[in-house]
Amino acid sequence: MPDPDAIPLLEVSNLSIDFVSEERIVHAVDGVSFSMQAGSTLAVVGESGSGKSVTALSLARLLPSPPAQIRSGKVFFEGTDLLTLPERALRHYRGGKIAYVFQEPSTSLNPVFSVGFQLSEAMALHRPDLQDRRAAGIAALTEVGIRDPERCWKSYPHELSGGMQQRVMIAMALVCRPRLLVADEPTTALDVTIQAQILQLLREIRSRFGMSILLITHNFGLVKGFADHVLVMFRGKIVEQGPTDAVLASPRHPYTQALIACVPRLGESKKRLTTIDYARLDALLSQS
Amino acid sequence: MKAIPAKRSGVWHQVVSRPRGALALAILGFLYFCALFAPFLAPYGPGDQDLRRTYHPPTSLTWTRRGLAVRLYENADPSQALYRPIPGRTAVIRWLPIGHPYRLFGLFPCRRHLFGVEPPQKVYLLGSDSIGRDVFSRLLYGAQVSLSIGLIGISISLGVGLVAGGLAGYFGGWFDSVVMRTTELLMAIPGLYLLLALRGAFASQFGSGEVYLLIVIILSFLGWSGAARVVRGLALSLRAQTFVDAAIVTGLSPWRILWRHLLPNLASYLLIAAALSIPGYILGEAALSFLGIGIQEPSASWGLMLAQAQEMKVFMCNFWWLLTPGAAVFVTVAAFNLLGDTLRDVIDPHFRTGDR
Amino acid sequence: MVLFVLRRLLFLIPLLLGVTLLVFFLMSLTPGNFLTPIKAQRDISPEFLAALEKSFGLDRPWYTRYLLWLRNVLHGDFGYSWTYKVAVVDLLWQRVPATLLLNLTSFAFAWAVAIPLGVLAAVHRNSWWDRLTTLFAYASLSIPEFFLALLAVYFAARTGWFPLGGLMSIEHEFFSPIGKILDIAHHLVLPTLVLGLGGVATLMRILRANFLDVIRAEYVTAARAKGLPEHVVIWRHVFRNAVNPLLSTLGYVVAGLLSGSLLVENVMSYPGLGQLIYSAFIRQDQFVVLASVVLSCILLVLGNLFSDILLAWIDPRVRLPAR
């Protein structure tokens, strides 16, 4: 049980983000509050467009502005409000304390630089004391399960497979020993077998380095057995949150129920996969 | 590539509603008006000489009791083309006087001009050139060349590009590779060199109208490759779409398929391409005439007029008005560029950032 | 790599044959020849003229003359200029360095100015700076090169700050070595500006568009997420990717410069290849034209080759096809 008096690792309160264009304003994130303890794993679940990725990116102020605009809210990381921090100080947190892994590994590595260069770049910023960046980088590549780290270090992103690229991204996050790893749909673009490997890798990392993980996903199937807490977002708002087992066992919100019902289970022979009936959902929501 | 529905009325409305588009259309409308009514608007013919008034500066306008008038000048030093206004002496501008005969739109015989002064005197709104011809009148006549050559040239080259590119994309095979290699060759050779060679080859004594046609044909010969490549790409992607298969199954001939299905999908592209490539033709004609191998004297063309401005005397004595054709080319080309960019913004917003 | 270069150079052979054949054919269509002005002089006997025509092979059909020319070229003899009364090779040898120098400086000028302007315009999109550079690009793309050249000469004549033309001053030989370099540079300033300006606008627009494409890429967000300072993100991660497509257009830029230098050199009386080709065309000085065309083609292919090699060297995804 974590100490209830300790400062939470991450505390987001009343965060609202708008996307402003000439034609209209979209409330992408609307009054979101949640917190995370050090060493815990939180899963944010929701469909695309629900505001989960926007929330994740806004933690380190990575949203392009314009069009994104933070309307209100605070993001405390170990007690510091990241949203009001000057750019210079914020850079210390980016990558150093909060590291990101993105959905599309093939586009999140810069195609014109070698893996080694991109790894050293991160190390040069956050671990200036390191004597041998190459050794540290190769160690990190080994840690994420790359078989030939020496060759990988020298190769360019397009020479690697999707799973390998994602491992490199995770290694890049790891080398700086961050406190929080934000994984934004880290397995969506990968094959099913690779997905399982990457999830397993994230699990190992968490236990080995005591890192907290914020997992963004649309798939409730990944949440079980991975996250301690779960948070369901729908149309920019949090509709349900709580311990994973409790939410999975008895979802209260109709949207959560619908999302859980969408996960296909092995051994269950259904003619059709369940989809969300939005008309019914809207009717239910308007009643409550 | 996604087929863009061409809603002509919608495009027109959107272009006009944008400030840049409205500006471009206004400028072009004005220029085309000037070109169409050039003989009427111009007080003199393009070849009317006056050897006593060479390099005459622009006559300044004043307001007198008898109405708008121009100052009269005396030649202070005949060897130097130095003119001084005579104090107090003016010539009243007459509206719609009878002047030299011409045919309006090449059809209706007419003698009226918009304005003029009593014959022994002359009005030079933009000065005169080395043999005393009115720069303002020649500018108007030159507009006829520059403004029409782009339209005719683009029609020919888009037509050729459409047929060559469409067939290459539709049929593929050896025809495709021949067309593509040819376009690559044409794009690799510096355009002006080819222009020179072609023009040199057909240099025999041509009349003014024939030279004009020749220039258009040479420019179109150089210009079709870009259009052909794009049309081929579109045809290839359209070829893969089901509705073309459906057309083949129903037994339509290739020509009809190209005509009925390809053309509507290409309409928006053609519109943009036309607006953006017209400047090339205007600049090409101006360059050729400037080098002395385009439109020949005594016809007027902006490039030809600029060729005259190359003399050292012009630079030394500050005959700035002889450079006005350059400004005219600049304004015309800029207006077409502006129109093309606006059209592109309107028709396909995805192109907005891409200038390729 | 070596194979690739060899293949490209082999491709030069059919290209040169095709182009020279075309030029030869077109010039043979042209009425009259370089002897026409001589014929007009009354004091030259018809016998002498006939002898001249025979010695130059003018009495034979054009394709025979082409083969004759080809044979001579293969022996390293590019012929003789009838208007300049020197061997063509010597003539080109005088002119090429000037054109090469002018094109290189214009090229360097275009890149040096376009890169910062384009990047700034993209980074501060929709700012007044962006609008100003867009306006500038419009203006310089709409102005005819020869008119700009005229304006430059006009400017030089009115202010006297720059020479009116030429490659060097008359008293060039009497200057010190540094003075000589400065003298040539002084004569280069205006032609470089005029020839380079169009390139600046084109490059700037392409660079800005590429930049705006790349800046939205996920790896740019990833680079920021690493904690890299913004200037490193822009100049290292975005710039390297945005500039690569520009390199592949290098070949066409070379072609454009060659065309442009023809006009600019003529207006600004800069003694380069463009001026030579033009006057040779007008005077039907056939061997000079042919040799200049051959040289231009070689320059073009070399320019394309250079851009391909550069691209393969800079962008790890591009491989030179070995076949």
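Observations on the model:
The first chain written gets the first letter, and so on, giving A, B and C; residue counts start at 1 in each chain.
Here is the rule we use: contacts are C-beta pairs under 8 Å (C-beta built on N, C-alpha and C of every residue); 3 or more make two chains touch, one makes a residue touch a chain.
All figures in this text were calculated on a predicted structure; none of them were measured in a lab.
Taken pairwise by the contact criterion, the protein chains link up end to end in a single open path, with no chain closing the loop. Most remote chain with respect to subunit B, judged by CA-atom centres, is A.
The count of contacting C-beta pairs peaks for the chain pair B-C.
The geometric centre of subunit B is 26 Å away from that of subunit C, both derived from CA atoms. Centroid to centroid, with C-alpha atoms defining each point, subunit A and subunit B lie 58 Å apart. Subunit A and subunit C have CA centres that are 53 Å apart.
In subunit A, there is no position where the chain touches two or more neighbouring chains simultaneously.
Shared interface positions of subunit C, defined as residues touching 2 or more other chains, are absent. Against subunit C, in their complex, subunit B makes its touches with residues 185, 187-193, 196-198, 200-204, 279, 283, 286-287, 290-291, 303, 306, 309-310, 312, 314-316, 318, 320, 323, 326, 329-330, 333-334, 337-338, 353-356. For subunit C in complex with subunit A, the touching residues are 216-219, 221-230, 237, 240-241, 244, 314-317. Every residue of subunit C that touches subunit B in the complex is listed here, in rising order: 15, 18-19, 22-23, 25-27, 29-31, 138-139, 141-147, 150-151, 153-154, 157-158, 164, 205-206, 208-209, 212-213, 251-252, 255-256, 258-260, 262-263, 266-267, 277-278, 281, 284, 293, 296-297, 300, 304. The part of subunit A that touches subunit C in the complex is made up of residues 57, 60, 62, 64, 87, 91-96, 99-100, 102-104, 107-114, 121-122, 125-126, 156, 158, 169, 172.
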